[in-house]
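These notes are about the structure you will find just below.
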Amino acid sequence: MELLAFACAILVVMPLLLVFYHVLREGLSSVNLAFFTQVPAAVGEKGGGMANALVGTVVLIGQAALVGVPIGVLGGIYLSEYGGTKFNWWIRFAADILNGVPSITWGVVVYGLMVVPMHGSSALAGGVVLGLMMIPLVMRTTEEVLQLVPGGYREASLALGISKWRTIVQIVVRTALKGIVTGVLLATARIAGETAPLLFTAFGNLGWAHGLKEPIAAVPLVIYNYAMSPYPDWHRQAWAGALVLLLLVLFINIGVRFLTRDRFQQKI
Amino acid sequence: MENSFEAGLDELKQKLLTMASHAETAVNRAVEALVQRDNALAQRVKDEDRVIDHFEVEIDDLVIQLLTKAPLATNLRLVTVAMKISQDLERIGDEASKIAKRARDLSLEPPIKLNLDLPRIAGLALDMLKKALDAFVNRDSAAARAIIPRDKEVDALNKQIHNILAQHMVENPGAIGRCLHWMVASKSLERIADHATNVAEDVVYLCEAQDIRHTGVKSGAAIG
Amino acid sequence: MATANTPENAALTVRNLSIYFGGNHVLKNVSLDVAAKAVTAIIGPSGCGKSTFLRALNRMHELVPEARMTGDIRLFGDDIYARGIEPVAVRRRVGMVFQKSNPFPTMSIAENVTVGLRLNGAREKKFLVARTEESLRMAALWEEVKDRLHAPAISLSGGQQQRLCIARALAVQPEVLLMDEPASALDPLATSKIEDLVRELKRNYTIVIVTHNMQQAARISDFTAFFYLGELVEFGPTPKIFTNPSQKRTEDYVTGRFG
């Protein structure tokens, strides 16, 4: 039985290792200074890089976080600490449904809500769609993590004459912080690689966007376009992009784990 | 947990009653040895006093064990009262031994020419003891209170015998030694009645949680 | 209806207290006086309402949804349920220590002690440091932790954690300290330290302690209240309750015939 479980554990890790290996092999050679500093060359020409896409991805994730994190975390706090049982049940139900909505649908919705009235694609729309996708995920993980904080801490805090809000922020959230950050991270990692919604919103840009109201490049979009193209040079750059994306997600993970490490060594 | 405590309480009561019956027998035999001038019987009483002493030790041990279970309220009073009753019973046994000793001494000398009704005092004292123990078993506070004034009767009888003997000693100086033995024996019986009274007071405490000892009211009537 | 011996130095006067959780009538018309600077024990079988009663004294029962109360509770004369009185204000005057010790895991020992002060606005460092030492001394913990005040609170043993929680409660200088079975999760040595502590504390604080351990109540309390099925059955000086209770139900409970 143990052997079987062990084998399954290996099976889980295998795809990750395979992906890493493949992407590394194909993309490593193409990751050079030009890749990071130059914008795409003219169609058909060799050379150029993904500087604009990289910046674009960062901008989009940043906007998404600005939208998704506060609303998601505060929503999660509300679900966990306040609210009536009936009302909360409906909110959770809605959030769970939204978590299952295909990302392309999100793209279409924001297309209708923002791109059409604004008469064009924009970085803003891209950020908004990614942010909206983050919200239900962050909200649910935040709520679950807060629920794991034992009620005893809330009681002890309230019994000291600390107000409910302060109790939640300074005691409960503080205790659950690692979990909340993990939830945010999960959501960020998910949206970092989203391509479909961006098709309708950010749209992509061969150069730099000069403001959020303009379309903006993003790494997944570029990978999509390059991979579908007939140019081998673009193919190789697509691999590089994939590698960079993978490394980005990896570093986000490592970075957050470092920041939320146990400063206190547990003595047993 | 409670079952073993209840069982312990039952054992305690049993031991007390058995000890009481031994004490009662000892008194009866001692008085008989005295009246019948039976040295062998007197010796037997003295020898068997250690049985009564042993009971006191056993009961004390049992009480300590029960106290580790931290009994409260009635159970607490029951256990502590049982300990005190066993002490009174042990003293009664000792008094019986004293009577037996005097019986032995008297049996070695010619009898005095007096008719002293020590068996009557013994009867009264033992009846008081029996009623006190019944009251203990039945938790009958009223019955226990009823015993207390009877001590006066025993005291009066003892004083009477004392006076008779004192008179006799004046008239027959040669009998002084023997009269003194008789006085001591009578006094022992009076003390036995005192111990029975103590038991009755302890039973009142057990039932009412009221301590009526040393109140100076020898009527046993309820106060307040 | 039961009153303590000296109503004029009652810290808390409870009159006709009834508590309902939704349709459940959990406490029925309870009245008693909690004597100041003394220990009052609350005993009774599980589910008799003793914890609910305790929590009513610092309005913690209001955390239960659909909680409703009728009656009057006064803390040194002040109606703690009056309109406009915030529960938070009551809880600063009436502190509470719980059955399971719960020092905040993200904070050090010193931070735990002062959390009640800091989260209510206290900033001055000197004041906090002094109050930390004072509270830890009062909780008989100072000597054991004075050299590691910045160690995590959860690195302490169970008994130490509970004393830390007591220090934390004392730091805000309440007038009354409520204790809900504070030693029931502790080993005998730690329990006896807590009991010694309670005896010490009553010199300066009014203490109300819920306990299911009657011997503990007999050991440390001055007054005892016996609750059964939401009613206050008997209330009086501890020696009387445990040697000669007036009510048969009290006698039965105390001698272990039920509960």
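Letters A, B and C mark the chains as written, and numbering starts fresh at 1 in each.
As a working rule, a residue touches a chain if its C-beta (ideal position, glycine included) is under 8 Å from a C-beta of that chain, and two chains touch if they have at least 3 such contacts.
Because the structure is predicted, anything quoted here is derived from the model rather than measured.
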Touch-based graph of the chains, sorted into line, ring, star, complete or other: line
Label of the chain whose CA centroid is most distant from the centroid of chain B: A
Centre-most chain [mean C-alpha coordinates]: C
Geometric centre distance via CA averages, chain C-chain A, whole Å: 48
Centre distance in Å when chain A and chain B are each reduced to the mean of their C-alpha atoms: 94
Inter-chain centre distance, chain B versus chain C - centres from mean C-alpha coordinates, in Å: 52
Chain B residues within the chain C interface of the complex: 1-2, 5, 70-77, 209
Parts of chain A lying in touch with chain C, wherever the complex brings them together: 150, 152-153, 155-163, 166, 170-171, 174-175, 177, 264, 266-267
Interfacial residue positions of chain C with respect to chain B in the complex: 214-215, 218, 242-245, 250-251, 254-257
Touching residues (chain side chain C, partner chain A) in the complex: 58, 60, 63, 88-92, 95-96, 98, 100, 102, 104-106, 115-116, 119-120, 152, 154-155, 165, 168-169, 172
